[in-house]
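Before anything else, here is the set of structures, which you'll find just below.
Note that chain A is present in both complexes that follow, paired respectively with chain B and with chain C.
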Partner chain A sequence: MATTTASVSISSSDLTPGTSLNINASTTCMKAGLTTGLEKIEMGKNILTTANGTTSLKLATAAGADGAGKVYLCNNATDDTFYIRLDLHDTIVGRLYAGDWLFLPWSQNDTDNELVIQAFGGSCPYEYAIFKEDETIVAGS
Partner chain B sequence: MATINASVSISSDIMSYPVRINKTMTMKKAGSCHGLEETTGLGYKKYTATTQVTLLDVSAETAAVNKASKVYIRNTGSDKSQYFIITLADAADNTEEVGRLYGGDWLLMPWEAASADHDIMVQPSTAEPMTLEYIAFIDPS
Partner chain C sequence: MATELIPTLTINDTTTFSDTINFSVTDSLSVTTPASSLTTVSVASTATATIYADSGSNGTAFVFIKNTNTANAYSVDLRTINGTNVYGTLHNGEFAFIPIDTNEGLQVLGVDGAVVVEYAYWTKA
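This part shows the complex of A and B:
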């Protein structure tokens, strides 16, 4: 069984006067409802240009439905005004400005739940990793 | 201006070689070098029903449209068979499922907060008591 561990630390000493913020969490990424770890991964690095328009980062598949997949995405641009917008199908999740990253669950509750990215402002180098359960492999043509 | 840092560390042995991801971001306002300054504060909510409810209401949190707000949510439980379904309300006021947070799972994602019906909603998988830890970092710029 593979073991994938994801930890986060959020801290600020000056967000709230007189109180430090410290959040620490860690999880082992398991298959949906099970105590066996995720065993598949897809990762990569690319450059998203504004000319690319909306780009599919990952399609949802029926075989992956209601799973416990996890998505990591980071915008490695250095210009503060450049951002990548992440959509789930036709719903906007949010913007990753230069240096921002996200880590979220992705359950592919239906096949209209694809991950879509789009660059704004300028070209955005990005990296991603998707830890996932089974999926349908697209047949060759 | 506040400084909020968030670090992610992911390790996995899914591949035949170790996968290591480490990244730190400083949460900034949209298109700016200035840090986020507002937060909902760290909150906890206990649920004892499987009804879908709003966790973060766009209008209540005064999150500005199309900015760089971010949300952290964690299922504080340890049971990997129990989960929260995290959804976003889309423009038609339907919901687009993001994913499922099983026991111990967490997410950190940008929040577009594009309109009054872009709320973050949660639905427990069981009526047994389950608790969420959450905080939003708001960009009202």
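This part shows the complex of A and C:
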């Protein structure tokens, strides 16, 4: 069985006076239903320029009902003012500034759940990995 | 007063493909208030709970959130408060680390049963 493990640690030595912060969590990336691992992956890196406008990171899909995709995205820009905005179709998820990354679940079964990225401020090299279920691509909207 | 937060993500897979997937990425974040240390909220099926309120202005808050449920196939949807658009679903034991847009907010929606969600957030300085 596919066994992709994602682990996160979040630490800080000065967030709370007198005590340090140490959060740790780990999970195996599973398909919806939690019995089978996600065995498909898309990984890559590219450079997103402001001239690119909105760019589809991942098209919406029609198949894979209740899909339980996972998305990793990192902005490798070095200028602190350059950021990548991630949208879920027409909804802003958030902004990744230089060096920032995200890891979030993605409902790939929704035909409105196209993942869209756009660079602001300047060109942003980025890398990504999408762990996913079977899919049928639909037309962008 | 800004403080430093260091999040690290590690992805590892030695079974799915002929090659091993193993990478790690870390970051150094300057964060400030509003912030919330680790806390939990129980969200019933079809009920919602606010994780980060829609602030009404653009900004970034870093959110760690985990579904602590281990029994049954209960889950929570992550969705914006503004528009209630669903990003995705956290199944048993799954977590996310997301730089959310403070102008959209974040809430969870219980699916199929009561789920205890653990979360913390910090606002980008």
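Note that in this section the second predicted complex is superposed on the first by the 133 of 141 C-alpha atoms of A that agree within 3 Å, B and C clash if a C-alpha of one lies under 4 Å from a C-alpha of the other, contacts with A are read in each partner's own complex, and residues count from 1 in each chain.
Basically, contacts are C-beta pairs under 8 Å (C-beta built on N, C-alpha and C of every residue); 3 or more make two chains touch, one makes a residue touch a chain.
The structure presented is a predicted model; accordingly, all values stated were derived computationally and were not measured.
Visitor: Following superposition onto chain A, is the placement of chain B relative to chain C best described as a clash or a fit?
Guide: clash
Visitor: I want to verify the contact counts: of chain B and chain C, which reaches more residues of chain A?
Guide: B
Visitor: Let me test your reading of the model: by the given contact rule, A:T81 touches which partner, first (chain B), second (chain C), both or neither?
Guide: Touch status of A:T81: first partner only.
Visitor: Where does A:S13 make contact in the superposed view: on chain B (first), on chain C (second), on both, or on neither?
Guide: A:S13 contacts both chain B and chain C.
Visitor: Does any part of chain A touch chain B in one structure and chain C in the other, and if so which residues?
Guide: Chain A residues touching both partners: 2-16, 21, 23, 25, 27, 30, 32-34, 37, 39, 41, 43, 66, 68-69, 72, 74, 88-97, 99-107, 129.
Visitor: Touching residues of chain A toward chain B in the complex: what are they?
Guide: For chain A paired with chain B, touching residues are 2-16, 21, 23, 25-30, 32-35, 37-41, 43, 66, 68-70, 72, 74, 80-81, 83, 85-86, 88-97, 99-107, 109, 113, 121, 129, 131.
Visitor: Which bits of chain B are touching chain A when the two form their complex?
Guide: 2-15, 19, 21, 23, 25-28, 30-33, 36-37, 39, 41-42, 66-70, 72, 74, 80-81, 83, 85-86, 88, 90-91, 96-102, 104-112, 114, 118, 133, 135
Visitor: Over in the complex, which chain A residues touch chain C? Could you list them?
Guide: 1-16, 21, 23, 25, 27, 30, 32-34, 37, 39, 41, 43, 66, 68-69, 72, 74, 88-97, 99-107, 110, 129
Visitor: If you look only at chain C, which of its residues touch chain A in the complex?
Guide: Touch list, chain C to chain A: 3-17, 21, 25, 27-29, 31, 35, 37-38, 60, 64, 66, 73, 77-78, 80, 83, 85-101, 103-104, 120, 122, 124.
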